[in-house]
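You will see two complexes here that share subunit A, one where it goes with subunit B and one where it goes with subunit C.
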Partner chain A sequence: MKNIKSIVAVALLVASVLVANVTFAKTIKVVTTTTDMKSIAEMIGGANVSVTSIATGYQNPHFVDPKPSYIISLSNADMFVTVGLDLETGWSPQLLTSSRNTKIQKGSPGYVDASEGVSLLQVPSSLNRGEGDIHMYGNPHYWLDPMNGKIIARNIANGLERVDPANKAMYEANLKTFDDKIDAKMKEWQTKMAPFKGANIIAYHNEWVYFETRFGLHIVDFMEPKPGIPPTPSQLVKVINEVKSNNIKVIISSPYFTTSSSDVVAKQTGVKVLTMATSTGAFDQVKSYFDVFDYDINLLTAALK
Partner chain B sequence: MFEMFQLPFMVQAFVAAALTGLLLSYLGVHVVGRGIVFVDLALGQVSSLGVAFAMFIGTGLTTIPLVFTLGGALLMSFINIRDKRLKQEAIIGILYAFASALTVLLISKTPHGDSDIQEVLFGNLLSVSWEQITAVAIAFGIIAIVHAVFFRKFFALTESFENGENHLIGIFNVWNFLFYMSIGLAIVFAVRINGVIPVFSYLIIPAVSAIMLTKRNGLVVAFALAISLVASFFGLDFSFKYDFPAGSSIVTILGLIFVLASAYRIAVGIGKRKPANVPETVDVER
Partner chain C sequence: MTVLKRRNVFGCAAFVALSVFIISHQAVAQITPDSTATDSTLLKQIEQQMQESQPAQPASTVRSGISANPDIGVIGDFQGSFNSFGKRNFDTYLNETEVSFQSVVDPYARADFFVSFGRNPTTHDYGVEVEEGYLTTLSLPARLQLKVGKFKQALGRVNTMHPNALPFIDMPNALVNYFGEEGLNDEGASLSWLLPNKAFYQELTFQATTGFNEAPIFYRGDNNRLLYLGHLKNFFTLGENSTLELGLTGITGPNDSSNVTNVGAADVTLKWKPVQMNTYRSLTWQSELFYDNANYSDTSFQNALGFYSFLEYQIAKRTFLTGRYDYAEKPYDNRIVEQAYSLTAGWLATEFQKIELEGKVTTTNLNSDLHYQAWLRWIFVVGAHGAHQY
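Moving on, here comes the complex of A and B:
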């Protein structure tokens, strides 16, 4: 009696594993470098995909400390999505090579560079490291313009259709839904930002140029004297004078930069320091790509009033 | 236990870690014996000063740190203090602070300089390539052969430092020079792959733990080598199973081995003390 029970149990277990394998086999495994790519890939892929992101939303995407799980998830992936340009050059090419997964190497159908087709800003005319032009292809923070979100979504949809052509119709439908939602939200965001067109602000790091251009803000100066160089005393003096003479109300920063030097300016001038979301997951309530703009625009409009 | 070896990148990480561990734990026996444990941090810092300098002038990222580190090692080989009020460690500390300050000054004028420094300081154990491993194996192999052939010369020198007879050594001693060159070379290559803190731990912890475990010189080297291998394996296993950064996992395991060695030393000390009637142990008991 005992034996029969255990045989049945084992048989059920084996059966369930087999069934599970069959259902899982259909899921497309996508690995993205950042959370924004993950959020968009989930919206385009729907129930057909399982997406993991290597970087977290509150981490500076320029630096990621490699862990074994990153390479393991890459070696099992069907598709890889990178922000591209040279945002992740410090870590993602090395992880990709270590994964030895031929499906997702550069040039393979499973490799998606989300920046393809984006009109880049601040492309240097001549590369001079001393001037801080380390982004030789242009500023890589392009996802901070919602309209570029549509291009990212298009690139991801193309990738999914290469990897899983059978479900093309579904990906196209999801892409349409995503684009429509961006257009609808865009109107809402533009309306909210309209009263502040041309508002002068200070930014900590040069990562807001796409956001600035889309919503008509004017970044007067940066806390960093050159991109990647921490604020110096003379830069602080310069920013304090600019804040006073231009009646600047806010300094925008990101979760991974210290606000200590911005706080110095705030104490001297009464300017507000806003830590904005640069990616999905930057804060608990920023759960999707759309939330990034909801969060930032609410924060900005409240402070600029 | 060996499931991590099914993944090629873990095999590469283990080979790289084991190579550095073996060479550094051997050199560590000399370093601890001479009482210059901060030599590694100072040379590591000189190496990152080289990186900062290369970044600043925009070229020579591989050669300049090497030249800087060997230059620093050469300077250190001349340190031979006859004044009893001064310790060699103090001079090494000054070199460390000086190199750190210069690095900070250079980075402050180099865009994204700190990210480049971080890359060098924290290594890339999990994405190390076979080409890198081959280069390291050749460099370390040469150092190991020199030390194996002139084993006695190097140990005689270290013992003279241990016994405070270093004033008998001249300003320029070829073995002293070779010793610092091998330390410098080993550190430049090891830091690229493992990062500064794991390299420091590989150098010091196996040697100190081995000294705690045995009094015999030959056995100290053997124990140190064995500890470095055990720590490389279990450190990577820990990193693999619980998904932690590799370098810090290895350092954690090395730290645990040190705690175990200390516990053994204390246990043996207590065990020996009771039957012994030697005056100095009586003194301790009181």
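Moving on, here comes the complex of A and C:
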């Protein structure tokens, strides 16, 4: 009798474990450095992943404060996605070391550098800080070209397939859906931007080169005299003259820069100051990676008309 | 005394044994007892991967600057000073040149070295010392992290930071009186545990060090007694823009009377830094309290209390203002009390260069004299520059 009870108990235990495994597939916990990586990871991972981003969409990704609270989610993560190219060098290495999580350290299967395979722009031939805050591997704001979104998605899919090979087919299917949507949206965005090909604009910080190249804009100058150096009076005078002589209609900036110096130029010249979305979540209506381009292109085309 | 000695030796042995156990556990975890089973599992994985179609790998592009060398940085700290006491009131000097070498060693650990070339304030000769040099594990189980070498000990906030990262030029009086100009910086081992608390960040650190530090309240002497430190760090996110850190520290170690000095310390840091405009505005209030209990014999002891409190306000993107109050009872005679008020203005050209000006006035209850001091500090960085702690 005692043996029968034991056998029944063990059988129930085994059955419950099997049921639990069938009913609740393991959710892959992903931590990304930025919201664009989060948005793409959610689209590739679908219901199989739970994704959190360290930075918000309205925050300067160069200067995120490495709060210890981020270590909690990193310590439990199965995968970590970084923009790479030194963009997060001031904060993410410290957080990764403190996470004590071997699964997401550089070189581990759960570490994804989303920049792998991206054709980089503005790669310096030498590193001289006299030129301002330049990046040794090239300009790191590559996600602002939607076609690079496809490379990011490929890298994220590769990472998910490494940590969760059982669901490879689903990730590949989601990747195809994402790529198809990018291709469809690209036609729409290119059509909207076509009338403004070659339009001269001013940018606050050197973070739009991939967007500029993809959509055929021409950034004449920056509000910052050198990357990372706040606008100086002489730079404002230079920009005012450039706006007047080149018939420039807009200055584009980001949510994490003050518009006070751009407003001075606007007051002198009548140029419009546009605060564009540099990332998903920059504004309430920018809820996904696709929304970044919808928002920016609508804003820009309306101002350039 | 013999009992005490045995207890300390036992504590040291226990710590070393624990460390060895953890490292060996990690090593054992990676060496499966049955290599046939490992080969079989590996073979299956290879076969599975061979059967699966190769995922499309994007073409890699050439990246510049790839090197096996560690990240190397040099921080220069040039100062000018004024002191109302003594015959020579003005001075200028290259206070310190700090050279850092930092790199991951292998998948299991990283190493950090900070070599300091500094000036002796008395002889004016320049000397070199290893300010810090330690190995940190990256792959221990159970959320543990082991650090071995010479390091700034986990005593609250200011002690763990390099002077060039502080928002003032001099160290708080209490810290100097109890732990020396360099703070508590010692050789040994540190084991920290990230508590499995999902509500807020908690880290428990235990450190055992040799006691060969420059802290006036501790003295290694000619015996086998070590210095033990325990620290609990609690970090709360109060909202998107505000955080609170509360820390508790306990230290026990030998003193110059061949007895034991115990220290209890607490720290609190409240920060407001708007996420969207975090490079333009911030406000930090930080305070640390130290309570020193020195036992000189079975019947003789001395207690002393010290603390500091500062408020740092970022006025604009490049401009900071810090006001600090210090209170410190002398550790050898708590009837002598120092109080100091200081104000520091800082200007950051970039994240690689800053200029600070500090004025300070100190009083003691021994007389009515006011001691005036002022410093001008110019910090500049070339090469790699690691992240500062939050």
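Simple rule for what comes next: the second predicted complex is superposed on the first by the 279 of 305 C-alpha atoms of A that agree within 3 Å, B and C clash if a C-alpha of one lies under 4 Å from a C-alpha of the other, contacts with A are read in each partner's own complex, and residues count from 1 in each chain.
Rule of thumb we're sticking to: a residue touches a chain if its C-beta (ideal position, glycine included) is under 8 Å from a C-beta of that chain, and two chains touch if they have at least 3 such contacts.
Being a predicted model, the structure only gives us computed values, none of them experimental.
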Exercise for the section: Superpose on subunit A as described above, then tell me if subunit B and subunit C fit or clash. Expected result: clash
Exercise for the section: Check the residue A:94 against both partner chains and state whether it touches subunit B (first), subunit C (second), both, or neither. Expected result: both
Practice task
Based on the superposed arrangement, let me know which partner A:161 touches: subunit B (first), subunit C (second), both, or neither?
Solution key: second
Completion exercise
Chosen between subunit B and subunit C, the partner touching more subunit A residues is C
Practice task
Considering only touches as defined above, state whether A:227 meets subunit B (first), subunit C (second), both or neither.
Solution key: first
Exercise for the section: Could you look at A:288 and tell me whether it touches subunit B, subunit C, both or neither (first, second, both, neither)? Expected result: neither
Problem - Which superposed partner A:27 touches (first subunit B, second subunit C, both, neither) - result: neither
Exercise for the section: Pick one for A:118: touches subunit B only (first), subunit C only (second), both, or neither. Expected result: second
Exercise for the section: Please indicate which partner A:256 is in contact with in the superposed arrangement: first for subunit B, second for subunit C, both, or neither. Expected result: second
Handout entry: Contacts of A:268 with subunit B and subunit C, given as first, second, both or neither
Key = neither
Exercise for the section: After superposing on chain A, check 182-190, 254-262 or 272-280 and name the one in subunit C that bumps into subunit B. Expected result: 182-190
Handout entry: Intersection of subunit A interface sets (partners subunit B, subunit C)
Key = 63, 65-69, 71-72, 75, 90, 94, 97-98, 100, 129, 228-230
Problem - Touch list for subunit A against partner subunit C, complex - result: 56, 58-60, 63, 65-69, 71-72, 75, 89-91, 93-94, 97-98, 100, 102, 105-108, 116-120, 123-125, 127, 129, 133, 136-138, 151, 154-155, 157-158, 161, 165, 168, 172, 228-230, 255-256, 258
Fill in the blank from the handout: So, in the complex, the side of subunit A touching subunit B is made of residues 62-63, 65-69, 71-72, 75, 90, 94-95, 97-100, 129-132, 134, 226-230, 232
Completion exercise
Given the complex, residues on subunit C that touch subunit A span 48, 52, 55-61, 63-65, 104, 107, 110, 136, 138-140, 143-145, 194, 197-198, 200-201, 203, 233, 235-237, 240, 243, 245, 273, 275-280, 317-318, 350-352, 382, 386-387, 389-390
Handout entry: Residues on subunit B engaged by subunit A in the complex (per definition of touch)
Key = 4, 7-10, 12, 55, 58, 108-115, 118-119, 122, 124, 126-127, 129, 239-240, 243-246
